[in-house]
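Letters are used for the chains, namely A, B and C, taken in the order the chains are written, and counting of residues starts over at 1 for each.
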Amino acid sequence: MSDPALAQHLPGQRAALRSRWLAYALAIAVIIVLPLIFNDTYWRTNLTVCAINVLLAIGLDFILGYAGQLNLGHSAFYGLGAYVSTLLIVKLGIPFWVAFIAGVAFAGIAGTFLSLFAVRLRGHYLAIASLGFAVIVHQILLNWISLTQGPLGIYGIAPPPAIVIGGVVIADFRNLAAFFYLVAGFAFLSYMLLSQLVRSPIGETLTAIREDEVSAASLGINGAAWKVFAFGVGSAVAGAAGCFYASFVGTLVPDAFFVSEAFTILAMVIVGGMGTLIGPVFGAILLTVLPEVLRGFGDLRLVVYGAALTFVVLFMPGGLAQAARVVAEKLGLRRSA
Amino acid sequence: MTTTIVLQQAINGVVLGSLYVLVALGLTLIYGVLVQINFAHADFVTLGAFAAYFFMHLVGGGYILSIAVAFVVGAALGWLINAAIFTPLRHKGNELLPLIATIGVSVMMQNLMLAWFGPIPYAFETQYSSEVIRFAGIFVSWQSVIIIIVSILTIALLYAFMKFTFLGKALRAVAQDRETAGLMGINPNYLIMLTFVIASALAGMGGAMLAPVLVLTPFAGTSVIVKAFAIVIIGGFGNVEGTILAGLIVGLIESYTTQFLDPGLIDIVVFALLLVMLAIKPTGLISERREENV
Amino acid sequence: MSTAAATAMTTQPLLQAQGLHKNFGGVKAVSDISFDVPAGSIFAVIGPNGAGKSTLLNLISGVYQANAGSLSFKGTDLSRMPAHRRVRLGIARTFQKIRLFKQLSVLENVIAGFHVHHSIPAWQYVVHGAVFAEDQRRCREQAAKLLDFVGMSARLHVQAGSLSYGEQRMLELARALATKPQLLLIDEPAAGLNAAEVDTLLDRIRSLRNGGTTVVLVEHNMDLVMNVADRIMVMDYGRHLFEGVPAEVQKNPAVIAAYLGGELS
């Protein structure tokens, strides 16, 4: 390495790589162990919901935190993934994993549709367009009764078929622990995928677009194309979450995808720390677990969501990620930038 | 027969529309001055409605007075949200953070109201809602007449205020260029506070007048806010004339859709229209495109 | 290079504008502007405030589309071509109002400029293989070299937002150079710089020109322009006022009048 200033960076990079693999190993270990510790139905259900919310949060963070696009309609992609996959299975008898791919693809395409608005609109306009989109999707799910059965919902949705190799059942997804491993495993892989993308020039490109689109264009970055990409990827991930949700809960009603759900996902991203990817993971876990812990407060637990969102924005806009950094600096584990 | 129906729905549409205009005007005023959106605006509408309800049922006040009460409640909320959220976040310069903070406020307010008032709709009836005027086969309740009069008066007053008074012109000055307005001896912070107070007072008042028409639950505001956004965009952010026009259009669309199609389709129609507008002319009906100054 | 080739190169102008018009509402920001920029030269555009110089630069870089007229670069017609595609052709720019990525470090800002020059197969964006690592290494190395060129080697890891004004300008220059342009558009670079910084800047611009990069420079500072430009075009109220070598421009009465009797030393 010719330049000493650069060389100083490299050992830091190698150390970062090592700690990342360590963190991944730790995460896998935690995922494996969790359902063994919490072996009651209530908590295993919560764990799976956590995993689904993690998927939703990282998908939104990719769009909002990295590409900087204010998407208030993430619930729409969630719902579309759920309904498209479920309807294919229930009405056309299509095998689960084929329907899964279809659901993910449909959600991704819906995302690219919305991204066309993002290409032309800034900030607040896009926020409202995405909100309008979410409302329309919800209303369609609610009112197209011949297709979706509207508010009555769709019942008896089966979990994914068991994985059987050579007559031996490897995984039966009626078992809550197995289902958790499936969703958590998928969430983990999605996280890794997004993390790799984000730490490549693609991440730099998205960040540039977020910071200053005109400036980015002067560097040859095609803002429009990358927005479409970000929306497509983020919404596809949400679609996957929807597919899992449907087969997990077994019942599908449109109100599960009311616009307030979009705000909940937004809260997870902001509270976790937007633009950090790992932050929203913890934001999702925190905001899934916290209301359960506060069950005794009844309706006030949702007030906690709102309060968390407001206070984080006012006092710690970087969310949990920022808080973690501050704590690490105070403890001397990290130099301040 | 059909002409009667058309006229009837036209009147319903105008009544509804003028209420939407009241709510939307608040949003557009705030955006014009601050380039920010208060997502909790809708919940000010809801709280205004509840304030009016409890004023009438607990204190025994009259309907007209309860509208004034809602006005004041709204004003207070507006002052509060400016002081607690928009002012502290102003110097951070991020255009999205305040919006997200107000989403948090909205969620908090809705669920607090849910905890206090419960999910069951409140029946908001006044002595005016049952008394009806008939002419040419058309029914108009006194309620509607009051609403139209109050709305038109308010809108006209606001319009005159913006165009002819010093304070109104100062508001427009701050909207155009805050720094220069400040140099001219206008205190932008005071004006911004004033804007929030007026806008939110309108919202509260709108809530009191909408209450008999809406399903009064803590989530009543949500059904209004999304339409209010649609109106503000169709009319053009910050554009008062456009908002008035768009509000009336949306009101008419709603009444005609209810009559000739299906009430469940209202939101879809309005939003599809919104998305079309955003696709074609995001700056609204009455405005010109402006290229960004690099 | 043979004399014939050199002559051939210098006879086809790198950038050609013909009858450019740009209006904003009723305001004619740019009115019937035509010029040729020969390759490997420094072409300056000067004029009083509001003359339309920055607008012209925005037209060349693609931020604005002209209402009428034609613009071609290396013989390719630029009309309708969006800004980001012009970068691939070889046009880069800096901005009058500095537009750095303030949250990123100095090094990261320059690396962002290599966007058009990555050669990584798609799958290696996910699985960071050998080609990826090599590309990243090369980017960092080249970025460091560019920062050395502008004299910012000591500030690689500083957050761009905390740089001094002069340093930000140099960073912007380095970042624009990362796109490996043949034509560099520089918008009022000397504004806010002290004398020493201006000298360094001039030196860097001359160095670029000597290395074969063509520069179109919009500037207010007359001394700077006279010292560095090969040819100067003077604009006033969006119109073409005069064009020539520095010596001619200094003596032209219309130019002097346009600057309201300002001294052109």
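Of note:
Operating definition for what follows: a contact is a pair of C-beta atoms (placed from the backbone, for glycine too) under 8 Å apart; a residue touches a chain by one contact, two chains touch by 3 or more.
Bear in mind that the values here come from a model prediction, so they are computed numbers and not experimental data.
Contact with chain B and chain C alike is made by A. Closest chain to the protein centre (all Cα atoms averaged), using per-chain Cα means: A. Counting C-beta pairs in contact, the chain pair with the highest total is A-B. Averaging C-alpha coordinates per chain places the centre of chain B 48 Å away from that of chain C. Between chain A and chain C the centroid-to-centroid distance comes to 41 Å (mean Cα coordinates, whole Å).
Here the CA centre of chain A is 33 Å from the CA centre of chain B. Taken residue by residue, chain C touches two or more other chains at 63, 95, whereas all remaining positions touch fewer. Multi-chain contact residues of chain B, defined as those touching 2 or more other chains: 294.
Residues of chain A in contact with at least two other chains: 214. Those residues of chain C that touch chain A in the complex are listed here as 61-63, 82-85, 87-88, 92-93, 95, 99-104, 108, 111-116, 118, 120, 125-128, 132, 135, 140-141, 144, 153-154, 156-157, 159, 175-176, 178-179. Against chain C, in their complex, chain A makes its touches with residues 2-3, 5-6, 9, 193, 196-197, 199-202, 204-205, 207-208, 211-212, 214-223, 337.
Residue ranges of chain B in contact with chain A, taken from their complex: 31, 35, 37, 85, 88-89, 92, 94-101, 103-112, 114-115, 222, 226, 229-230, 233, 237, 262, 264-265, 267-268, 271-272, 274-275, 278-279, 282, 292, 294.
Across the complex, chain A meets chain B through its residues 70, 72, 116-117, 120-121, 123-125, 127-129, 131-133, 135-136, 139-140, 142-143, 214, 259-260, 263, 266-267, 270, 298-300, 302-303, 305-314, 317.
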